[in-house]
């Protein structure tokens, strides 16, 4: 039996259904991210696990205990908020001690645990400071320590890094993951940033409009997206238009493109193909049997990566190639050949090609 | 987390009762002058009273004088402080808040002692002089609100740029003040004006101790001698206050960029006639 | 006083331009611009106050003395101060308590949306209903022939005057003062309650706290400066008020402002300089209250960063 079970949970506010039929099993110690655009229901789902919202239908079970109707202060979970939510009138040490004080632990127990937590987050000497004296990153670490101090069963994080600068975000990301591994605590992490989700999670739940689109390991989410939405939301996709040929290849501007999975549509129907930038190469090779002709619109030299913006059959395709000291990037307006293998291209159904992410450089 | 709503509802209901009942009672009382029927007799008596008219017009004129004088004093001051004397701002603000600390009765006591017939500025020697002193006192009372309103209004417009633009077009400072700045803070001045009006109309202590025929002492006199007319007068006073506050809201929330002068004035707005 | 420091306009760091020789004429003209204000303030605000303060320490011949201050410690005057302080404490404490619960009800009570703006607007107006008309209104409500008095007598058989209640008394005055004290508290505390972030409540809840624990350990400490500060404001407000008391209780309730009024009118204390001392005492009390209020406000604002 899994540690955290969510069964058929739905939530509606009046006529508005925010989460529908959400089911998930989370193993003990697993790090799962809820990923999706704003309004997809990920935060609402998290708040239902925390107990701030009651599901309209379904059950939530933590470690065998049905907590669906249980008040938040009895669920023994930890939560970290986007806006840190540190108590301004309490020092750092008192903030971290809060959950323990409420639980009635003894003073020596509390101070020992507080010290332990402060050392864990790398701020052992800031116990007497007040939140307004700390930077954003420090405050969030204290918030983490506060949430973990009472040894909760599940850790919930609601976009904890969104309010921080990019640099702090990166370092804190790693810290959180390292901490989570060390403590082995079951964690749910809500974010709209796919890079965060991809780099930190054991599994990602991609959500859209209240539903689970796909729940898989990051590698699978990225490379084997099971719906147009996931394909468009996670990673960058370039799109080209083609027509299905009788031999199940797809003709794009006269070039035959072979797909690893032959398209299901009938011959003659238009089809949109999706291409990942990192799969494109300017040189041919044995497995890269597909070829497209393109004009270079722009070449961004980013150091180790050269990002090309190409015009293919009227559409834009992005290609990320590695820097080669011997080969300078192509000039604007130059004609190039794009080579990629059948495994790197897949079909999008024609009417859902208008997905959220377009092929623009990040 | 599901706090019940009955507690708050009960509190608001009781609060509403406490605040509305006196208004209802006053109104009912004011209609009860003639036995067993409701009539506006009390109001008729009040309006027919020549003393009502003289004292009320005296206070209205005093209020208008206070507003004009107050604006003339405050607008240039706020302007200069903003433009050139930012270091003096704390001092000026402190001064404008003093009237909220020093009770008016203390203030008027000081006036009587300092400006009586044996002093170097014998205001109280003549009716005209005392009237002037009264208006000065009212300006002091209204200073916190007036300054706050105008200052907030000026904060919303970039007076530095306006000044420089006008200067580059050749205008003198006084021209700038009257023809460029003043029109732009008109709404702020108006909101301060309405509050000032409400304060001065019902003001009692200054008028009473300086022996001027103002509305406040008239109210006290009627209250001491009559039964039903005070209620009518109270309703009239409430109506005027409501009107002033309402007009203040209109002018405070009117033009964009000045959304706060009304709000913060409301917060100051209870020190009126205590 | 302090509510005015709302916009937090601190003295700006930039200095005013040191005049280069060519600009000196403009600078002296600018000083002229501020002269009326300072002149007015000195003549009609600071001057009279200082004159009184000085007079409090002078005897009839102008020599320095503490006699006037000591003269305050007679039974009659001490009684006046005692009553003033009691009325002010009572109306401030009750005003703060009731105002707090009312503000909490409209902010966190999950009531229909129109209630909050209505209560706040009404508070803005009600806080101006002070003075003589307020006394009249309460006479019409709780006086011997007041609406509520008669209603209770006829409908409920309860004669509150027979039971010892009298509007023209300590409690009557306090209840009347509440009419502008409660709205003031509501106006000041409502934004402070808004400042209580919802996430604090949720964070406390997740950490295991009950509602009461959250209020005791987080919310009330955070609100304390605002609440205490407003209490002091209400105290000073009530202490200096005279018009309502004059119209309601006249000289039957001898609060300090009424005593001072009588002294100014007719030297009832047979010592003009005692008037100065009385006024000085008033200034000290209201001044200290307001200073404390300002200090508490700055502490409260520190946490809002």
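Annotations for the structure displayed:
All chains are identified by letter, namely A, B and C, in their written order; residue positions are counted from 1 within each chain.
Throughout what follows, a residue touches a chain if its C-beta (ideal position, glycine included) is under 8 Å from a C-beta of that chain, and two chains touch if they have at least 3 such contacts.
What you see is a predicted model; the values in this text were computed from it and never measured.
The chain with its C-alpha centre at the largest distance from the centre of subunit B is A.
Chain centres defined as mean CA positions place C nearest to the mean of all protein CA atoms.
Centre to centre, using the average C-alpha position, subunit A and subunit C are separated by 55 Å.
Mean C-alpha positions place subunit A and subunit B at a centre distance of 59 Å.
Centre-to-centre separation between subunit B and subunit C, using Cα means, comes to 17 Å.
Looking at subunit A, residues 51-52, 71-72 sit in touch with two or more other chains.
For subunit C, the set of residues that touch two or more other chains comprises 205. Contact of a single residue of subunit B with at least two other chains is seen at positions 1. Of all residues in subunit B, only 1, 3, 5, 7-9, 11-12, 15, 18-19, 21-26, 28-30, 73-74, 76-77, 79-81, 84-90, 92-93, 95-114, 121, 136-137, 139-140, 143-144, 148, 151-152, 155, 173, 198, 202-205, 208-209, 216, 219-220, 223-224, 227, 230-231, 233-234, 237-238, 241-242, 245, 249, 260, 264, 266-274 touch subunit C in the complex they form. Residues of subunit C touching subunit B in their complex: 1, 3-7, 9-12, 14-17, 29-30, 33-34, 36-37, 40-41, 43-49, 51-52, 55, 98, 101-102, 104-106, 108-111, 115, 119, 121-141, 145-148, 178-180, 182-184, 187-188, 201, 205, 211, 236-244, 246-247, 250, 257, 260-261, 264-265, 275-276, 279, 282-283, 286-287, 290.
For subunit A in complex with subunit C, the residues that touch the partner chain are 50-52, 71-79, 81, 83, 85, 87-90, 98-99, 101-103, 132, 143, 146-147, 150. Of all residues in subunit C, only 197, 199-200, 202-210, 213, 217-218, 221-222, 302-305 touch subunit A in the complex they form.
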